[in-house]
Structure formats: C-alpha cells, structure tokens
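What follows is subunit A paired twice: with subunit B in the first complex and subunit C in the second.
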Partner chain A sequence: MARITLDSVRKRYGETTAVNGVSLTVDDGEIVGVLGPSGCGKTTTLRTVAGFETPTAGTVAFDDQDVTNVPPENRNVGLVFQEYALFDNMTVGENVAFGLKMRGIAKAKRRKRATELLDMLGIGEMADRDPTTLSGGQQQRVGLARALAIEPNVLLLDEPMTGLDAKLKARLRDEVGELLSELDVTGLYVTHDQEEAMLMCDRIAVMNDGRMEQVGTPREVYESPATEFVSEFVSLDAPQLPFVQW
Partner chain B sequence: MATLGEHSERAGSRLRAAVHLASTAVGSIVDPVTERDRTRRRIVALCAPFATLLAVAGAYPLVEVVRISVSAEQYRSVGFALEAYGTLVTDPYYRGVAFNSLWLAGGTTLASVGVAVPIAHALEKYDLPGEDVLVTLVSFPISLPGIVAAFMILVLLGNNGLVTNLAALLTGRPATDLAIAVSAPGLFVAFCYSMIPRATLILRGTYAELDHAAEEAAQSLGATPWRTFRYVTLPQIRPGITGAVILTFRTGLAIFGTLIVIQTVVVWTLQISRELATGYDIQVAGAMATAYFLFTFAFTALGLRYTDAEVGL
Partner chain C sequence: MSVAPSRRFGRGLVTATLLLAVGFLMVPVVLTFVGSFAGEWSGVLPSEFITLQNWREVLGLAETIGSQRSMGWNAILSVGGYTLAVPSELIFSVALALGGVFINLVVGVPIAYAVARYDFRGDEWVNAISVLPLVPGVILGVAFLRAYPDLAGTSFGLIVGYSLLKAPFMVMAVRSEFESMPLQRLEESARSLGASWPRTFLTVIVPNARSGIVSGAIICWTLAAAEFNFSYIVWAKGTQPLALFLQRHISNSSFTKAAAAVSMFFCIIVVITVLLQQVGSRGFDTRG
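Then we have the complex of A and B:
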C-alpha cells in the first residue's frame, strides 16, 4: 500500500471549478472519508486520484512518485463503484480475476486468488454465477473483491453503499470496515453519508464547493468543526449517530 | 378410430370456436368494456394505418410479383411455370450477378461497420468540439439519393476529380490513369458513403447505453484502452454491431441510384431494372424480385434469431 498526497489540486471544466486547491495526505494503511454534499467535488477528487481526470493545477503522488500524468491502467488503483460496474459478460470469478489477467498471471493462480477473495467476502460459492443474478449487496462484495485482487496501491470507494437498503448497508458497513482494517489498506472513501464516514474512516475530509473545509478524526470534525458549513453539515444527523466507538 | 362424421364435427366446432373468439375480439374493440379492451383498441388504432399500407402497398404487390414470376406467359399472369427460377439457377450470367451483389454488399458492409465503430466510439464517448456539426456531417448522406452520392464520387475520384488530380500532382502520372470513380473501387467507395451513416446511427444508439463505469473499472484494473475495448466495450456493443451489419448489408443489396451512374458492376437491382426496361423479361424480373425478398427476409430473420440485435425485420 502507498501514501496518497494531493497537493493544491485544482480541476476546472470550462468556467466551472469542480475542485479548488485541494491538499490532502492519506497515510499508508489509513482510510480517509471524503464527505460532502452532492456536487461538492468529492467524486472529481477521487477520479483525479484514479487517473480519470488530470488536474488543471497541482499534483497527485503515491508515496514519493508523482502520478499526476500517469494513465489509470498504470496506477494500480482499486476502484469500487456505487453502481457496481461489474462485467456482465463474465462470471463472478472472472470479474474478480480480471485485473490479474491484465497482469499476465496464469489462469490457475488467478482462479485461486479469486476463490480466496470471494471466500473472504462470504460469497465463495458464487464464483460461477452471472453477476446480474446477484443481489445488490452481493454485487458490491464482488466489486470489492475485484478491486482487492490486484493488491492495489490505494483503494478508492465511490459511495459504495448508496442504493443498498438500510439493513444491508449496516451489515456491509461493519463487514467492509473490519476487512479494510484487517488488510491495512490505504483508501479514499467518498460518501455523502456522515454516519458511514464516521464509522468506517480513520479521518474525515469535509468538502464544500470544491474546497476542503476540514480534515480530522471523526471526533475532531464533530466536536470542533472548523467552519460554519462543517458544523451545520455534520450536526444535521448527529442525534442518530452511534458514537459509542469513540 | 374416429369416423369421418366425428372428424368433420370436431373441425366444425373448432371453426365455430374460432369465429366466436374473433367476433368477441372485434366486439371488444368496437365496444370496449374493460381497460384491457380499451388498450387493445388504442393498439389497433395506432397500427391500422401501417397495416393498411402493408396490405395494399406491400403484401398485394408481392403476391402479384410472385404470380408474375411463375406465369406461363409474358404480360399475363396465367398458368404455372418455374422457368424463370430455372434461368436464375442455371444461367452462369445470373449466378455472376448474384455473386457480384453478395461480394459488393458484404465487402462494403464490413468496411462501413469497420469505419462506423470508431466514429460512434468517438462521438458517444468523448466531448468533441463542434459535435453537432460532426453528427450532421456523419449522418447527412442518409438523406442523399444514391445518384447524388455517385455524382459526388465522380467529382472526387473521376478524371477531373479533386482527389484524382491531387494524386496526379503528387505522383506525376496522368489523371486518367488514376481515376477510379467509374470502377469497382469507385463503386465500393460510393456504397460505403451511403452505408457508413446508417451503421453509425445504429451504433451510436448502442454506445449511448454503454456502461462507462465498467470500462473505467477495467482500466483501473490495468487494462489498456485497447484491451478495455476488447474485453468490456465490444461485448456490450455486439448487438449493435450485428444490427448495423444487418441494416447495412440490406442497404448494400438494395442500392440502385448509385448504379445508374456507376454501372461498372452488374448487381441484382441493376439487373432487375435491365430485365424490365430493356430485356422485357418480366417473369425473370419477377423471379429476381421474389428471390431478393426471400433472401433478405431469411437473412434478417436468421440474424435476429441468433442475436438480440436492434434492427427489426
């Protein structure tokens, strides 16, 4: 795993500034939640780290290597999407093994690794299934297994729980949270759900209007909001938040 | 063993049941009671104009053409003879015409779809500057008559054509040696000119439904753009490619206007025209039209049976 460093990253689309001078460091093995309302620039930030957007200004580095202009296929980034983005023309096992296939790993080794990961996520028996026949939660596990199979430098999760029902979301949140801690993954977790961010992430970066309003531990963000926006945004659902883990 | 009387009684009762069913259906359309009846009536109303057109301008002429093709006499549909079909099968000239049609339509289909895939890919996947103008440029040949397309090929690739003269200037060879407008390659280009927009139209529709996130997932997993296309994009656009192949191949077989100007290769449509206009062999023309219809219908039906392509019959 690697440390992610964003240094004064700015991204403009014509007259619109999506990300405005964002600087952030995610330490090796740390999960940072990028939290903010829709359209605040969190997905653009994640896509910049993944390599799908080249910043208008600023740099992105993994450890000490500048990857600002490195294409996505050469960044070794695991990406988990809100809409799963599974390959419908492949089985669940083939989905998980796809990244290894792109790296020229032998078939037997690919299959073994895919089986291990699917077992780890509790869906080992589904390796030969068509992914479209799985439930939302199962599909998201496949997406996670596929991202982890390549042993990525960084894991990027783009609202992975959105669209799941509340019960499943709670269960998956606990399981995925435990798994990410166990694997010591460096990750960016984009979400607009503060409960999710506070429970799953080591630190939280609150974004608004393309800017980073505050970066800190969940407790810091909640107890000492740096700006009025953070105060309002974080306190909105506060009564429902289970802070017991602090 | 059932007796003859029992058989006819059963047939009669089946007929009565069918008549009753039909009259009930007509009754529910004329005087609908339930919402289902009203939906049926709306469907009938929506489809009635086309059904009338199909019967009057489609089915009736087709039946007439088939009758002409098996007529024992010229100019009158009488008797039954398969002589015209025999001519098509045994005469090497007609076999050659069929072969010309197939290779020209097949070759131009492959070339057109091959060009249309990257065009649709670029138009649908990327924000291109002046995209509206590009879409107009790509799609406007659909509205051009084939004869105009042929004329444009003459202007470009004929003896005085722009491309011909440019090539002559660069190579130092006479323009007349380089002109290809009135040749098989010229015809090939003219066909492609008409077919590429049709293929692009179908493929753009398919590309619009593409799962871009899956492509990005593949790229993040280490797939190069080409391998992403091969493993993720291509399986998704395959129905569109099949649809484009069916549509453009049928177009390739049907093109006629272009052949009026560039008569280098004698194909099926051109030969039908010659049979009617100069050969006066109306039975052979009828047999050619019938064979054309049957072939195109069977080709499309087979294409659709083995794919979930997006082109109807």
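Then we have the complex of A and C:
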C-alpha cells in the first residue's frame, strides 16, 4: 500500500470545471471517505487517482512517485464499483485471478491466491460459479476480492454499497470495514451516504461543487463543520447516528 | 378457490393466438418439406410419395433436362469404386455470405463499441451512417456497379456488397448488447487490473458481448444468403450465390423440385445458424 497525495488537482471539461483545486493526502493504511452530493466531483477525483482522467492542472503521487501521467494499467490500483462490473465470460475464480494473470503469475499460484481471497470474504465455495448466478452482495464481494488480489497501492471504492438492501448493506459494511482495516488497505471510499462514510472511514473529505469543503475525522466533520454546506449536508441524517461511538 | 376471469380467459386466449400464429407460419414450411418428397404436386396437396428424385436433381446428383447446372460436385477422394465428392459450389456460395459476415464483424463490432462507449462529436452521424445502407439491394447494386465497375461480377464484389447491405443489423445487435452492460466500468476494471486497452477489448469487452455478436452474425448471414436483388444485379459469372441458386430452381421447375430447393435452403440456414451459435459459445470461452 502507498500514501496517496493529490496536489491542487483541477479537471475541466470544456467550460465546466468538475474538480476545482483539490488537495488531499491519504496516509498509508488509511481509508478516506469522499462524501458529497451527486455531481460534486467526487467520482472525477476518484477517476483521476485511478488514471482514467488526466488532470488539467495539479499532480497525483503514490508515495513519492508522481503518477499524474502514468496509464491506469501501470498504476496498480484496485477498483470496486456500484455496478460490480464482473467479467461474465469468466468464472468467479478467474475474475479474481484476472489481475494476477495480467502480471504473468503462474496459473496454480493465482488460483491459490484467488481461493484464499474468496475464502476470506466467505464465498470460497463459489470459485467455479458463473458470476451472473450470484446475489448482489456476493457479486460485490467478488468485485472486492478481484481488486484486492493485485495488492493495490490504493483501493478505490465508488459507491460500492449503493443498490444493496439496507440489511445486507449493514452486514457488508461491518465485514468489509473490518477486513479493510485488518489488511491495512489505503483506500478512497466515494459515497453520498454520510452514515456509511462515518462508519467505514478513518477520515472524511466533504466535497461540494468541485471543491473540498472540509477534511477531518468523522467526529470533527460532525461536531465542528467548517462551512455551512458541511453543516447542512452532514447534519441532515444526524439523528440516525446514535450508534456512532466516539 | 375461484380463478379470476381475466386469468381464466386471458391465458387461454393468448395460448390459442400463439398456437394459431405459429401454426400459420409453420404450415407452409412443413408442407414444402413434405412436398419435396412427392412425385406430383398439381393440386392443393402433394401426392405420389416417397421419391428422392427432387432432392437428387436439386443437389445435382441426378441428370436434369436442360442447362440447369448442378452444385459442382467435385471428387476429392477416390477409394476403390467409391468416390467422395463435395458440393464445392454450394460451399462456395455459403462462404460468400459468411465472407460478408466476417467483414461485418471486423468493422461492425468496433463501430458499435465506439457509438455505445464514447460521446464524440458526430457520434450521431456515425450511428446514422452505419444504419444508412439499410437501402434495398437493387439500389445498392446499381450504385455499386457504377462506382466500382471492376468489382462487378466478382466474388469479392458480392462479399463487400453483402457486408455493406447487412452491416446495420450487426451494428444494431452489438450496440444494444454493449448498451445493456456497464461497458465503461468493465473496461476500467480490466485496465486497473493491468490489462492494456487492446487486451481489454479482446479478452473482456468482446467476450462479454458474445450473445449480441452471435445474433448479429446469424441475422447478417441469413439475410446475405437470401439477398436476391443485389446478387442478381452484381453477379455475372462463376459460382452462383445461394439466392440465385434458389431462383434458378424455382423458376422453370416443377412445384416439387422448387419445394426441394426451398427445403434445402431451410436446412442450410438451420445448419449455419447452429454452427454460428456453437462457434459463438465455444469461440469466446476463455476458460482453462
């Protein structure tokens, strides 16, 4: 894992500015939640870290290495999407082993690694299944295993729980949160759900209109919001958060 | 327990309509197939069963009156008194239509991908142009002869023409398949896992769209094989395309012989469809 540094990243598409001077550091082993309403630039920020967007200005660095112009396939970044995006032409096990295959790792070894990861996520027996036969929660676990298999510098999660039912979401949130801290993963967790962000992330970055409004621990963001926007956005669901233990 | 009237009558009505429609469509096919084994078909129903003479004549295994050419049986192997022959001309004309499908695959899949995946200036135009050759074969045939007189009457000309005429069906089938999956997410997942773009396209994107590609190929092949107008205008000499072969056996022939020719056409279509499906499901299998 690595330390991720975004320095004054700006991204413009023609006349519109999607990301407007974002600076953020994610420490090694830390999970930072990027929280904000839709269209605030959080997904663009994530895509910039992954390498699918080249910033108009500013730099992205992994540890001390500037990766601003490194193509996505050479960044060693794990991606987990809301849509799962599993490869239907492969089994569950092959999905998980895909990244290792791209790195030229021998078949037996990548199979072993895939099985380990699937076991760790509690779906070890599904390695030979067709991913389309799995439930939403199971598919998301496969997506997570696939991203973790390459031992990424950073794990990027784009609304991974959206679309799952509340009960499953709560369970997966606990499990995945535990797993990520156990594995000491450096992660960016994009979500519009503040409850999810507060429970799963070490720090939260609140974004609005392409800018970082506040970066801090869940407690800081919740108790002393830096701007009016943060205060409004975060307090909206606050009564639902009595179970957050400080 | 009482069943809702809508359900009681509705289901029966739907089933009856379906059976009637399928029956109406299937009767001519079945009748033609049965008729191809008849010796006489002058009334409503064929008679004088069972003879294989019609099939022999259509397949070019029996001498026929006049100048009707056979299907070009070529002996490829002779052992003792037996000769193994293949209908080389038939195979060739099946291959003509398959050639068109091949061009459609190579050109149509990337176009469908580009239109489904990217917003670019003029994407609507590309989309419109790829669907534009949805013109009748006569029009394309005449235009084709004017523009490329050298290609007139050549097999290559026919193959290119078939691919142009049927390309829209490939683009539409594959595009809707691409649009039904999280194309960008799949691509980004594969890229982030270390696959280069070409590798992503060939090992993830194309295999994930296999059902659309296979159905596009089947539609294109069937339509190209049955394309009469374009073939009639462009074909000059040499091996006849399937549609012309069919026409030759329908005009100036007895009813029963026409039935055999049509039945043979059905059989070829079924065989090629099954083959394309098999190739489709196995060819994209990257397991192992």
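One rule holds for everything that comes next: the second predicted complex is superposed on the first by the 243 of 246 C-alpha atoms of A that agree within 3 Å, B and C clash if a C-alpha of one lies under 4 Å from a C-alpha of the other, contacts with A are read in each partner's own complex, and residues count from 1 in each chain.
Here is the rule we use: a residue touches a chain if its C-beta (ideal position, glycine included) is under 8 Å from a C-beta of that chain, and two chains touch if they have at least 3 such contacts.
For clarity, every value in this text was computed on a predicted model and none was experimentally measured.
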Tell me which partner A:50 touches in the superposition: subunit B (first), subunit C (second), both or neither. both
Partner chain(s) touched by A:75 [first = subunit B, second = subunit C, both, neither]: both
Examine A:157 and indicate which partner it touches, taking first as subunit B and second as subunit C; both and neither are also allowed. neither
Quick one: is A:146 in contact with subunit B, with subunit C, with both, or with neither? Answer first, second, both or neither. both
So in the superposed three-chain picture, is A:87 touching just subunit B, just subunit C, both, or none of them (first/second/both/neither)? both
Let me test your reading of the model: by the given contact rule, A:96 touches which partner, first (subunit B), second (subunit C), both or neither? neither
Once the two structures are fitted together, what part of subunit A is touched by subunit B and by subunit C alike? 50-52, 71-79, 81, 83-85, 87-89, 98-99, 102-103, 143, 146-147, 150
Under the touch definition given earlier, write down the residues of subunit B that touch subunit A in their complex. 211, 213-214, 216-225, 227, 231-232, 235-236
In their complex, what parts of subunit C are in touch with subunit A? 181-182, 185-186, 188-196, 199, 204, 207-208, 210, 284-287
Interface with subunit C, subunit A side, in the complex: residues 47, 50-52, 71-79, 81, 83-85, 87-91, 94, 98-99, 102-103, 143, 146-147, 150
If you look only at subunit A, which of its residues touch subunit B in the complex? 50-52, 71-79, 81, 83-89, 98-99, 102-103, 143, 146-147, 150
